Structure formats: structure tokens, C-alpha cells
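Reviewing the structure listed below.
In order of appearance the chains are A, B and C, and numbering begins at 1 in each one.
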Amino acid sequence: MFKLKTLFVAALLALSLGTATAPDAHAADKYITVASTTSTANSGLFDFLLPKFTEKTGIEVRVVAVGTGKAIKLARNGDADVLFVHHKPSEQKFIADGMGVKRFDVMYNDFVMVGPKSDPAGVKGAKMAADGLKKIAASKSPFASRGDNSGTNKKELELWKGAGIDPTGADNKWYSATGSGMGATLNVASGMNAYSLTDRATWLKFKNKGDLEIVLEGDPVLFNQYGIILVNPKKHPHVKVGLGQTFIDWVIGKEGQGLINEYKILGNQAFFANAQPGT
Amino acid sequence: MSGDIAMPAPRAAAATTLATAPSILPLRVENVCFDAGGKRLIDEMSFTLDAGTRTVILGPNGAGKSLTLRLCHGLLTPSAGRVMWQGAGKHNPMRRQAMVFQRPVLLRRTVAQNIDYALKLHGVPRAARGPIIDDVLSRTGLTRFAKSPARHLSGGEQQKLSLARAWATKPEVLFLDEPTASLDPAATHAVENIIDTMHAEGTRIVMTTHDLGQARRHADEVLFINKGRLMEKTPIEDFFNAPKSGEAAAFLKGELRW
Amino acid sequence: MTDITEAFATALHLLVSLDANLVEIVGLSLQVSLSAVALAVLIGLPLGAWLALFKFPGRNAVIVFLNALMGLPPVVVGLVVYLMLSRSGPLGVLGLLFTPTAMIIAQAILVTPIVAALTRQVVADLWVEYSEQMRSMGATPLGAIPALLYDARFTLVTAVLAGFGRASAEVGAVMIVGGNIDHVTRMMTTAIALEVSKGDLALALGLGIVLITLSLIINAATHTVKVRAEAVWT
């Protein structure tokens, strides 16, 4: 029994020592919490951008990367200081509801449609996203959707609407809503050899492409605009206004914008800075 | 093989210690009944136990011998009637008693720690426990097992430990429920010797047994119970030679139905 | 098949090179899960013992409920804890969301029912064996609890290990209340989920192999000590 007790006590000691170090040290540092999306985080942009901000200002940026719907909910609840997502209508509603101070454009990237190399629906060659979607629906080719209320998902549903199709009916067995993030959905698409809609940055970095490739791109309607908003301290007094505003100013300022344009995935520019000057 | 049955020497000191604590005897059992599962298992039992005598409870299977022990000791509460120890209002009578069961109940600790636990429950300060433990271990021949896991001992040694544990708390009354029923003759003999020594030092013994020879050798009086009723309370030799009740006579001949 | 072989290669590389990121993530995982288990033991052991020994009206219902709690879905627990700790929630002022403390709380909620339910069972069984002798010696059921728990220590170790297994394997709760923030709340399981979402299945599997190896080591060590001790004491 002596040995058993020692093991237990040793474990507890190691524990308390561990607790005394690392994460508690963060509590004393300056930091802000940014609610953003999995697609943005998975693109690697934050890993590139944020250390440079921290180096300059000493402010740590903690990103909670979830679906757009969840990110907006977090910001509404005051669980984040800054909201950084890519669905303008939702962001404008956020401001209209008084939950945010002001919305700034930051950058854009684009969505692309991916599908099997064999292209059973014959999407390749279509210039407009709506045409591509019509072909997929007509041929009942498998399509994997995020179905998770994210910015990508909302964009996808808007495109279907624009093509005059409602894919979500129960009869449409070719349409699969995974209820997951972009990566998980692409995993499903890859496994099923299905079509899907994804942001270019995630696609470039995605490592499980399987038999899929880009089948449609360039339609202006696939434009993906990012916006950044400070959570309203009048609604949530604990919001770190000073630190948060510093971050926003930096992101839409010369340095942040320049770095956004510098970020490359596999040699390709992934994001295009477009903050309005003088905002 | 119990080579270590050196007859423990009576302690004069122990007798004084027992005498200075307020005595809980005599025990008066008045019209005690015990019901369980819709049946009356003990029916209007009344008797008195005085200091000094060794009582053995005899009776056929299911007569209620074990129940009687437990009712006296306080492990069970009577459904009717009273179990009255002397001075029960002023202090807890159970503290001055101890019980040993047919199968020894020992904790997963060393032999010494088992005794230590009993002493702790009796409020003996830590500093005082060591000498007491050493003493009872030596008097029961278990000294060399002090640091052994209690459950590694043989059946006989475990029962001796149960007695040592009881002895350590200097009980005024010791209840024993068929203490040697599971033991071989040598262990039985050793256990009987310990019980006799405890009695010699002032502990009153109340025991149940199926072994009539054992009863005859080690008891002064018999409580004969049948079907939950006390049939007779008789001095030992009178019981074996001329039992008062017909049931007792049949029982001694091995002809009593249960 | 190549994903799997790549995974083993990745796992080996990570372990041998003692990748700094990996060490950080493993450290946090151990810290959170072990803390959660410690908390669960502090609450679950006395709770289980008390349920074993004391009768009260509705006791059976409580026991059934406790046993059912062992199957709590982690993601549901995570959601409830999030709602409690959110700035808009009742405990928001504590500012615990997205910290390791929140993760410890969530995991403790998952582990406590296991520890309590198993403790209850083993103490109840022990009391059947010991109650007469212990009461004869002057122990009250309440006072007997420490001795009973000590006597049941080997079975309890198994219960604790089961709790630890549940904590270190779950991802749903810690993902929601922790936020999987790099260098702050990223644990083994959330890191694996992240790599899966990026499509980096080999790395995800590699991390999974590291996690399983760790679990194996902990269980092997505890088992060896326990078996040796048990042989002596039972």
C-alpha cells in the first residue's frame, strides 16, 4: 500500500506544480479573445499574422475558432472581445442589434467549387456558380454541405437560392449536410467523391483531397468578404476595449493589411486585403 | 499446529482496571420480542445475566441463539421489551462489551493495525496503544505476525486475532457466536484457552456453540432456547444431568426437531 | 494503408524529437485530466460512501440517476458548463471560460459519477461484510467511512483509473468550454480533432497513437503497483 500511496501523492504533486505554472502565467499577460471561424484558422493566416502583432504590442491574441454562427453567438454573449468572421449580412445584423461598435472590411478570399476529377455532373467549363449547381442538382450527383450555420454554409445556401434550387428537401438524397466544419465536410466529400463548396485557403491547405479538384471558380458571386467588429462594451462592460481596438486598428492598418497580402499558401496568395483607407 | 499455546498468565492489573470502570452488569432482559419478515423470531424472552458466570446458549438450528446474542449486544433492536444494562443512561454500554463471530472479520491491514483500529474506536490515545497491542499479541501468541497482513493468517490465527482485538479493549462482557465452529481441534483448543484466561481476568463470557463437550467444559450455566423462546436457565451440570424441559432432554439426545 | 504507416512514422518522430508543441499539449492534457480526476475523487468518494451507508426516501432513485450519469454525453456537459460560465451566464463574472479551469470543471462533472457509483457499490458490499463487527467495536456508519474506503483501496484505484480514462479520452466538453486555443487550451484530443478538420489525418492519427501510448503507460504502471500490493493485502 505504501507504493500505491506514493504514486497517488506523486501524481497530485506533479499536478499542483503543473497548475502553478503555464496557463496561470497567461492570466497575468495582456490578451484579447477573438471569435473567428475554423476556415480562417485552418488557413494558417492566424499562425502567420498574430505573432507579429504580439511581438509589436505585447498583446496575446487568443483565437477561438468555431463556425460563423457559433462565433457570432460567442460575441453576442460577451465571451469574446472581437468578432472576425466572413458573412456581411450577419455582421450587419450584429451591429444593428447593438452588439458591436463598428464593422470594418478587412480582406477577402474566394470560394471555389470542388468535385471529382471525373466530373459526372459536367460542372467543369461552367463560368457561373449557379450553372454548376444546376448541373449537380439535375444529375443528382453527391454534394457535401457543411450545414452548420457557418459563413461558408450561408454563402452556399444563398448560391442554391440564386440558382432557384432548394437542395435541403428530404427527397434529395444526393445532398448531405454534415453539420461540421470545413475540414470534416471535405473529408466526407473526399470519401464520397462528392462535390462541395469551400474557401480557397482551406482547400489549398487541405491534405486529404483524394480524387477531388477545383471544378469551378472565379464567379464574382463567390466573393468572400471578411469583417472585424469590436464587441460593444455598453452591452458587456468587461470587454477589453483598449486592447481590442488596438488589434482592430493594426489589422486594418498598413502593417496588418500588408502582411495579409504577404501570406501565401503553397506559393499562392490566399487573402486580399481591402480595408477602406481612413476608416 | 498451535505450538504457541503457552497458557497466558492472568494479569492482576487487568482485574483492577475492569473493576474501576462502572459495571454494566447485571444485564436484565425483559419480555424481549424480535420480529422480522413478518415472523416472530424471538418471543417474550426474559432473563438476567450476573457478573462472574460463563453463560452458554444452546439450542437447535434456527432457535434464535445468534439473534439473542445480537439483541443483548445491541446490534439488533428488540421489537418489544427491553434490554437493560446497568447505567445505560449515563454511558454507552456497548463500549464495555465486545463480540467475536464465527468467521473472523478482519480489515485489509496488518495484524497490529487491526487491533490499533479497535483501540482507536475506543478512544485510546495513540501513545497508549502500542504497549497494549504488544501485550495482547504476546498473550495470544501472535507477536511474530504483528506486521503481517491479517488476511494471510490461518483460520485459527485469525480467530485468535479477533480475540486479541477484543481483549485489547478490556471488555466487561464478551459475546462469542460459535467461535470455534470453523476451526480444527488444535486451534479450537487454543481459542478456548484464551477465552478462559479472559474470563479469569474478569470478563464475563456469553457464548453460543453446537459443541456440547465444549459447553460442558467451559460454561457455568446454560440458556436453552428453542423456537425463539427461552426454555430454561440452568447451571451446567444440572442441565446435562437433569434438564428441566422436555425439549432440552430431546435436544441432548439429538432428537429435537428443528 | 499509407495513412496508417505515415501515422506511426509521425508518432515516432514526434516522440523521439520531443516536439515542443507536443510536450506542451501533453502537459496540459495530463494537468487537466489529473486535476479533474482529483476533484472527482474528492467529491465522489465521500458521496459514494454516504449513498452506500445511509438510507433516505428516494435513495433508490438517486442511485439509478447516479448510475445513468455515468453515460453523460461529454458534449452535452460541455454545453451546459459553457452556458454556466459564459459572460452572459450565471457564473460569467468569474471569467473562467476558455481557460484550463473550465476544462477541469467540465471533466470533473464527467468523472464524478463514475467514481461515486463505483465507490457506492464497493462500500455497500464491504459494509455487508463488516457492519456487525465494526458496530460492535463502536464505529458509527459515518465514522466507519474512512476505514471502509481504505479497505476498498484496490477496487477504488480501478474506479479512479476508469475515471481518468473517461477524462483523457473525451473531446466534446473540453472543445466547447476550452475553445482549443493554441498554447492555452489545446489538449491532445482537441488537437487531434483540429488536425482531422484540416484533413491532416496522418498527423491526427500520430497524435492519437501518442495519446494511446500515454494511457497505456499510466495504466500499466498503476496496474503493476496495484497487483503487487493487492497480493499482499487480500
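Definition applied: a contact is a pair of C-beta atoms (placed from the backbone, for glycine too) under 8 Å apart; a residue touches a chain by one contact, two chains touch by 3 or more.
Note that this is a predicted model, so its numbers are computed, not measured.
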Measuring from CA centroids, which chain ends up nearest the centre of the complete protein set?
C
Greatest Cα-centroid separation from chain B: which chain?
A
Starting from the mean Cα coordinates of chain B and chain C, work out the distance between those two points in Å.
47
Hey, how far is the Cα centre of chain A from the one of chain B, in Å?
78
Please tell me the distance, in whole Å, between the geometric centres of chain A and chain C computed from their C-alpha atoms.
32
Shared-contact residues (touching 2 or more other chains) in chain C:
153, 232-233
So in the complex, which bits of chain C are touching chain B?
129-130, 132-133, 135-139, 143, 147, 150-151, 153, 232-234
Residues of chain A touching chain C in the complex
1, 3-4, 7, 11-12, 14-15, 18-19, 22-23, 26-27, 33, 38, 42, 47, 62-66, 76-79, 180-184, 186-187, 190, 205-209, 236, 238
In their shared complex, chain A is touched by residues of chain C numbered 24, 27-28, 30-31, 34-35, 38, 86-89, 92, 95, 97-100, 153, 157, 179-182, 184-185, 194, 196-202, 221-222, 225-226, 228-229, 232-233
Considering only the defined contacts, which chain B positions touch chain C in the complex?
70, 73, 75, 92, 94-95, 97-99, 101, 105, 107-109, 117-118, 121-122, 149, 151, 165, 169
